[in-house]
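Please find one structure pasted underneath; my questions will follow.
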Amino acid sequence: MAVLAALELRGLTRRYGERLALADVTLSVAAGQTLAVLGPNGAGKTTLLRLLATLLRPHGGEVSVLGHALPDEGWAVRGRIGLLGHEPLLYRELSARENLAVYAALHGLDGEARAEELLAAVAMERRADEPLRTLSRGMVQRVAVCRALLHDPELLLLDEPRANLDPAASELVEPLIGRASGRTRVIVSHDPAGVLAEADLVLGLVRGRVQVLAGAAELDPAALVELYR
Amino acid sequence: MYGKRLRPLALTTFAALTLTLVLAFFWAPNDANQGFLQKIFYLHVPLAIVTLCGFVYAGLAAIAHLRTRDSRWDMRSYVAIHLSLVFGVAVLVSGSIWAKGSWGVWWDWSEPTLVSFLLVMLLYATYQPLRFAIEDPERQARYASVFAITAGAFVPINFVIVRLSTAYLHPRVLGDISANLPGRFQVVFYLSLVSMALLWITLWRYEMTSKHASAQLRALKRLLAGDEDEALPRRSAVPTLSVGAGGAGSSGVGAAR
Amino acid sequence: MSSTTRTMAAPRTRVVLAALLRKELRVELRSFEAVPAMSLFSVTTFVLFHFALQRNALSGDLASGVLWVTLLFAAMLGINRLFVADAEQGGFDGFLLSPADRSVLLYSKALTLLAYLLVLEVVAVPAFALLLLGSALWPALPGLLVVLALGDLGIVVIGTLVGALAVRTSVRDLLGPMISLPLLVPVLLCAARATSPVLGAVGAGALPLRWLVTLALYDLVFGLITFAVFDFLLED
């Protein structure tokens, strides 16, 4: 079987009012590979992630996610994407189990067994019946990992996924969202050193424009320094 | 695009308005009951009709905006509501003067047209605050269009319901105009309606031209500045037009030449 | 393509709707952000009317006006809260990321608001009868229930639309009532006119059919509009 691109962007453009939030982004990520997106604040990293998640529409260019063109075929890729961002996308008044039950229904899954399996994997099964507002941020983030993986997505979109996690929790989620998970991943990060180790491809954005696009192996470290100047 | 033929249009409007005024004051007979005061009718009623048509047009433009996602339709809708709000204030003031003159009160709750008009104005008064309260320009445009469609449908329905609720106390100038008014009244009334519509259209096109020009100017400035060190645009209730400076944009600059 | 072949059947509407309603019920039962405030507000407002009007008992036009204005303002509190948890805690995005049909969100929110209103009226109507109504409630009740049902429907379709419109603005608590109250004037007008003969001083009169039909048509038209434009409030 030929390696098909999981992500294919050609001239992707998105405006924010009259300003360009993303200008002419062209790249391709093969299935199972990891793309690291780096850049200073306001570079368009989160915009790119939300576009790939079908939450924003592209204003120009072509976007193909898992073989489907966005935005027209958004319905076909929703449910195959897992988004894990700054917001946990969970209801604070509901417990972890209740939140996951809502998401299972939204995805048309009978997800109870899957939810228990994931909660156990992030060591949250003991506190899974408490309302999330009583849990620490790190614990909520672990539940959010379960939420993003509940429907076993092929593509993971991660926005600083380990931001609120202590080292122990980071280790817990590693098999789920790390390289070993075998999923195609897009990781937005502010920590170039950390993310380079797990990336195949590195995209450096500055003011919505592609400044660096290279394989992680052949990347010139000086280019990264330049990125944050 | 909107600047074309603006001058002849403006001149026609000016001529029509002048003719309307001359005829209204010197040619149309004085009303038997209301006398000279009735002249305000030639201002008030056509103005009200044009205002409401403007609101309905804004709703239709908003439908086109949601269907095409073309920001120019949002601008059309925005300018239409903006203008109709200004016209609407004139309607309320002239209506109030007329009410004071003929019924002795500044405001009359048993006049359904006036009451419905007030409701419509109260609703549309929230359009600009709504826009201003949404920072993301694209979402602002979309939400504003949803508002304009809902409010546009509200305009006619509201008139029917409020009229149902009120006894018919006052002469219905709108409904059965041909039955009530002698020939000369009718001629001046329709002429006035045409001139007010022309005035609305002229002002609408004028504002569209100006909004387009400033969007192009900003696009050119951006091009010259090389898009570097650009500050975030100020928060605003005005639609953002996606105009390219070099004609490369989808809604090209060349259109206005 | 992924090697696993997965059946990507869209989730069933009824299952999603049930899950969303269960979620709404749980959130409200744990946070008590809407319904208790609405009910308490209505009772307080009746007390205010008693002092403001300096009347111990109302009937006819005045009774129906006081009842409907109070219900409308109490409903505003619910409309303002309706989408807040979803906007602030990311429920909107979570919903949009799923393959579920977008209109299910509208149905769930409309049913939630309807439930808010029903609980409100279970408190407000007896309180009104006790505190302000000059005539007996029982003979008026069947007619009143019909008007309440149609009035609630109008509040639900407009409240759901405006609630979604206002929630992601910087001044949602102001914009919600400012936009929805003018849109609800015809509902108030029809409902108040239909209610006043029912609450007559000399016993319950007949329901004026004309106002009920007008109200039902208004509900229908704005129900269709809300259905048609709601999706545009969700996408970004």
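As written, the chains take the letters A, B and C, and residue 1 is the first residue of each chain.
Heads up, the rule we're going with is that contacts are C-beta pairs under 8 Å (C-beta built on N, C-alpha and C of every residue); 3 or more make two chains touch, one makes a residue touch a chain.
Fair warning: this is a prediction, and the values are worked out from it, not measured in the lab.
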Each chain counted as touching chain A and chain B at once: C
Chain pair, most C-beta pairs within the contact cut-off: A-C
Chain of greatest Cα-centre distance to chain A: B
Innermost chain, where centres are averages of C-alpha coordinates: C
Centre-of-Cα separation between chain B and chain A, whole angstrom: 47
Distance between the centres, which are taken as Cα means, of chain C and chain B, whole angstrom: 32
Rounded Å distance between chain A and chain C, as computed from the means of their C-alpha atoms: 38
Junction residues of chain A, two or more chains touched: 57
Residues of chain B touching at least two other chains: 136, 138
Of all residues in chain C, the ones touching two or more other chains: 235-236
In the complex, chain B residues that touch chain A: 69, 136-138, 215, 218-219, 222, 227, 230, 232-233, 240, 242
For the chain C and chain A complex, residues of the former touching the latter: 1-3, 8-12, 15-16, 18-20, 22-23, 26-27, 30-31, 85, 89-91, 93-100, 235-236
Chain C-touching residues of chain B, taken from the complex the two chains share: 66, 119-120, 122-123, 126, 129-130, 133-136, 138-139, 142-143, 145-147, 149-151, 153-154, 157-158, 161-162, 164-165
Residue ranges of chain A touching chain C (in the complex, touch as defined): 1, 4, 31, 50, 53-57, 66-67, 75-76, 78-81, 83, 87-94, 98, 101-109, 131, 147, 154
For the chain A and chain B complex, residues of the former touching the latter: 15-20, 57, 59, 207
